[in-house]
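Got a structure here, written out as structure tokens. Questions coming.
Note that the chains take the letters A, B, C, D and E in the order they are written out, and that residue 1 is the start of every chain.
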């Protein structure tokens, strides 16, 4: 196999992305460092000196991280369960898992209102059972936001994980068990590390999705602001694309850092992944 | 050993209830006869389903969405599959950089990507709107195609590929007849994720639509800015039914979801 | 037909094409059927022209005009966004002599953003809707929103929504200022924040919350009241004693339009008694044409009558636009926490 | 009482029954080999015992307890997989250490034990490699080390040495046997290599189509196969269907094609009805002496002659069919040569 | 001239050199076996020839043409993989038919040829199965059928029979040899089974650490290993370091520990400097007769005695070290018994 062939395989995709995305984005982000033709960090300093902005940034990161973790915790066992099913069942379950992606955010938020609202199913049940005497405020809190985001992104996590899990040789799990690992330990020590490549993809999708999501936090999140709110306000209402690009650049850097850290962690779990 | 699965099964059941419960509510409310979403509904009516077909925009934009998603998917496969293959099969200089590059469209906030694409593709490169929309959607599909396929290739036994080569099949042929069928599940998953990602996309489409060119999500968004009736719920239900049918067809025609089986 | 033609709509940017018999109209896309049948259709027939639609919300459509990515001739925008377009020089100056129907409309609608630019083709009002079953008090004034009766029960529009700045103005009035006082307004809003469950960005959110009784009420445009009533038959809409706010949608000709005269013709058509009456009766838009007569039943949910319309408070959109950034920032920091 | 008992166990994949009313007993500290043709169910039996498969019926007893439902990880059985099943994400060291870590052995002791066992399997210096970077044989040795290091209650081997070269195989099997005996680990061993099975086993079970055809001490099986299948399987490639049989004391007289043969009546061969004679190619003597009256002899013509390293192999055509014989000699017989086949009386056995 | 020539080829994984200045020649129609310990580079050599690996230096000539850069699929070589490498998505039939389809053979002919070859490997009735539904041995037979059916210019086998049971292995190797000779297919064969190699090869190359130590006809290697490594590898497990050597005509006189030995000077053993004697366990005679003056004899004590099926294996302690001897007998010697070890003069060879 000639080395040059490798590059020919990569070239079309590379040229396409470079021409239509990389160059435009680099130019757009690059322009945030120039105001009136001189190089400046002004746009960025403005944000990082502002404790208010930093607090929102932190809140957003928290929400994204928690959502990602929740998706891992919910998605991993489910994906594993799906991957162990006979082919036919597997297909049906995967199909069911992706249905949430097909619903409009607005109707979805309406259904969450039905479930989480003060007169919603959960509160009715809680009050009815006498567990609480006043309906809980769940809707329009950060928790609701995370529930909505989890509902939105969990399918991506599940699909990514099923993709790797179904290719893990069952004998490995058996080998681990025969060496004394309980099902859980075998899972943790063997299946989990081997699933890391899929986990990383899933986690990146969920994290980035949560970080940049606008509609779901806006609809379910009550008064809580997230960083995407600023981006949208600046871009769409205030027509300030300079600031929008600054916020975007900050978000991009954060994602790259987080993805980098995740890859690092993945490497220690599965050096051969 | 069966019993051990029960805990896992129960857990998965709860997750599925979490995922599908809201959809059930949506489905139920879509039959509401009144003009406002209600739960529980006050009766049964199909009027909002009729409304989908009577409101010209939905069918037209649905068609556009499907075409764009399919064409974009095809384009992304053409660009992405060779790249995914190269990235997972070979070690070479600059691999990690390229890996990051191909993932990057996911890492950029959608609205910024959308705006930038509009500025460059339409304003500077003077591409027709429809083409711009197609390119934009291809860009956002590419990382899904590449990453998902690459990760399923990473567990592929390449000795099998060598066996085919030694039996006289050319590289291209080997790829299509031997490698591809064995990563079907990966390809299908990739195509599915990419399709949904594109089909649901708002951020890019918002900027790449124009007079006469619009996508279903944009149309739906426009609709809910002005109406509160259960039409959107009805559309969601129809989309789910359609997906269900599609799955069923895949199941029947292509011999089932053996596509998702190991090896 | 109009709007439904996807053909050649793609290749239009930059090139003139068959501009002579095509009119591109940018609008929100609601009541598309009504517009196609009663507004666009007859106009197409009469002037032998194809109308192509671009739909979307104000911000998106204005953005595209800014970038010049679509060859729009006529654009419907709310006054807030129209003002932005004017400030950025995106619109043609109109020749009012070509739009004789402008003389038949309410004064407030004739030139809301200056003589050179388009008229408002509809004027609605922003008042308060509430659910009497949940609010013990009878609501008559903006200040009632601050009442404990609305505690944890209230929604108000987000600052970025069209009605956002109106609530800021109302707050200033509630604080007792005759002229707008920003600090007082925000101080007052901060107090209101305790009552607020949620700031809404889309009316659909309001309607959903209202129907699920997550909220008891809040400021909303009268045009949407019929939807609230459908969900909560007891719902009430009031014009606050300090005055409701005028919500105006304008219609303008986009700079560079090759069909300026046809566009003005269209604006004239949109203001005509015929169209205005039909859209009022279909409860699509509140009329501005003074010749339109409605029965009481027809007028329900429609902002109708010179007495009502002329009393509406009207914001200075140029001022609002200048302040938008600062207000948004303050709102985010002080109110929305 | 036996440590391990499989009591009329059946196993099926989908609807295909692989094991049917399978019986097996194994005593503590003993090594039993399963030997049988490809696809006969050896691996299936091992997997059943390990707990990877569930029986559709029957019972598996171990140490007096019903193990049928005991989960895999509570069985403390070591398993060496035919396909290695090494953990791809762990180094050789970590692969071997895995079982010890599960047993919460101290890091220091782990290190010592892992290094010792790696020495045993001849893999020192490979600790840091990953499975993908090893040759087939090296991988298998890691798998063996991984199972041995935990000193399990029962060791299960699925063709552990099949990818090793002859020398290593020899060393490894001696080593496995040594460890097995030293620690008294009860062991079940599957292999295709008969010599391997015979040399290290206390007992050998010959399987055919999911059934044990014969279970005995290696010497007994080797000398006195009970059935034609077993005989064929362990190298009695020559068979004669005798028409008549009459037993007289130590000697059995037999008749085929008008010729008379005698066989010694060992305890094992005294199978009443059996009239099928079997003999190994190694035990058949090919003689150039074609004179008529040799005892237990049959005239024939050399059809094929092959060099086997140590000896030559002949296929010889006779009136009773073709026979295969191996013989050590300097200058071989040539194809077409007339020879006599001699059936030593004590090497001819009767099978069912 | 040789059909296949590897001319000072080197191969490296990452930075580790596996083959260094490797030389090999193979004539048309011949079968050459590569034999060597695990990890010595046998598979690597095959992969190089198949075209899966690129040499870092050196040349590979085939049929007079430089094949170094010819792509795999243009080589028309059959390859049987150690790990089977069956196409998981194709049925047994389609797996075997694949190569024929690539050659645009007519469907009817394909069917005939596939069915014939499946019969050869004893897999009729399995056409519709998928690889996952076969046992290890069955899979390997499919792999063999798949490579054979295309009648390639060169056949490459990587331990094709290692997962088969003894009988099938025997049949298959005879079958492989038959087909190979009938079709005159030049073949390179890797196996751990020495008997297998010796029985089917025209030539055997013994490899060690990426180098061919000896390339010869099987008989020659079997009887006259050239080096200690080869001797050890092919079963000369007993070595004596002689202090003195003197050649006289047919006989070589040797001295070790004060004792005199003689060895026959076969052409192969006449290696001038060599003073290391080697003998197989099978060739050493263990005698109960401990009288002093036996020729070529050494007194010793039985340390270990193991049953091997056919024979007993003894480890015997002597003043010149431990020796291993195999002997067929009814009642074995016991541990501790005093015996004599006799080194037959014509079985003792000298190696470097």
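One rule holds for everything that comes next: a contact is a pair of C-beta atoms (placed from the backbone, for glycine too) under 8 Å apart; a residue touches a chain by one contact, two chains touch by 3 or more.
Everything quoted here is computed from the prediction, not taken from an experiment.
Visitor: Taking contact as defined at the start, I'd like the list of chains shared as neighbours by chain B and chain D.
Guide: Chains in contact with chain B as well as chain D: A, E.
Visitor: Count how many hops through touching chains it takes, at the least, to reach chain E starting from chain A.
Guide: Minimum number of steps from chain A to chain E: 2.
Visitor: Sort the chain pairs by how many C-beta pairs are in contact and tell me the top one.
Guide: Ranked by contacting C-beta pairs, first place goes to A-B.
Visitor: Calculate how many whole Å lie between the centre of chain C and the centre of chain D, each centre taken as the average of the chain's C-alpha atoms.
Guide: The mean C-alpha positions of chain C and chain D differ by 89 Å.
Visitor: CA centre of chain A versus CA centre of chain D: separation in Å?
Guide: 55
Visitor: Roughly how far is chain B from chain C, going centre to centre by Cα mean, in whole Å?
Guide: 36
Visitor: Based only on mean CA positions, could you tell me how far chain A sits from chain B in angstrom?
Guide: 16
Visitor: What are the residue numbers in chain C that touch two or more other chains?
Guide: 60, 63, 202, 204, 208, 212
Visitor: Which parts of chain A, given as residue numbers and ranges, touch two or more other chains?
Guide: 1, 106, 110, 114, 183, 236, 273
Visitor: Using the touch definition from the top, which residues of chain E touch two or more other chains?
Guide: Expected reply: 83.
Visitor: Residue numbers of chain C touching chain B in their complex, please.
Guide: My answer: residues 3-7, 9-14, 24, 26, 28-33, 36, 52-57, 60, 63-64, 67-72, 202-204, 207-208, 211-212, 224, 227, 230-231.
Visitor: Spell out the residues on chain A that touch chain C in their complex, using ranges where they run on.
Guide: These residues of chain A touch chain C: 52, 106, 109-110, 113-114, 117-120, 139-140, 218-219, 222-223, 225, 229-230, 233, 236-240.
Visitor: Residues of chain D touching chain A in their complex?
Guide: For this pair, the touching residues of chain D are 50-52, 71-73, 75-79, 81, 83, 85-89, 98-99, 102-103, 130, 132, 146-147, 150, 156.
Visitor: Per the contact definition, I'd like the list of chain D residues that touch chain E in the complex.
Guide: Interface residues on chain D, with respect to chain E: 35-39, 43, 82-83, 133-138, 141, 159, 162-169, 192-195, 198-199, 218-219, 222, 232-233, 235, 282, 306-310, 313.
Visitor: Which stretch or stretches of chain A touch chain D in the complex?
Guide: Per the touch definition, chain A meets chain D at residues 169, 171-172, 174-183, 185-186, 189-190, 193-194, 269-273.
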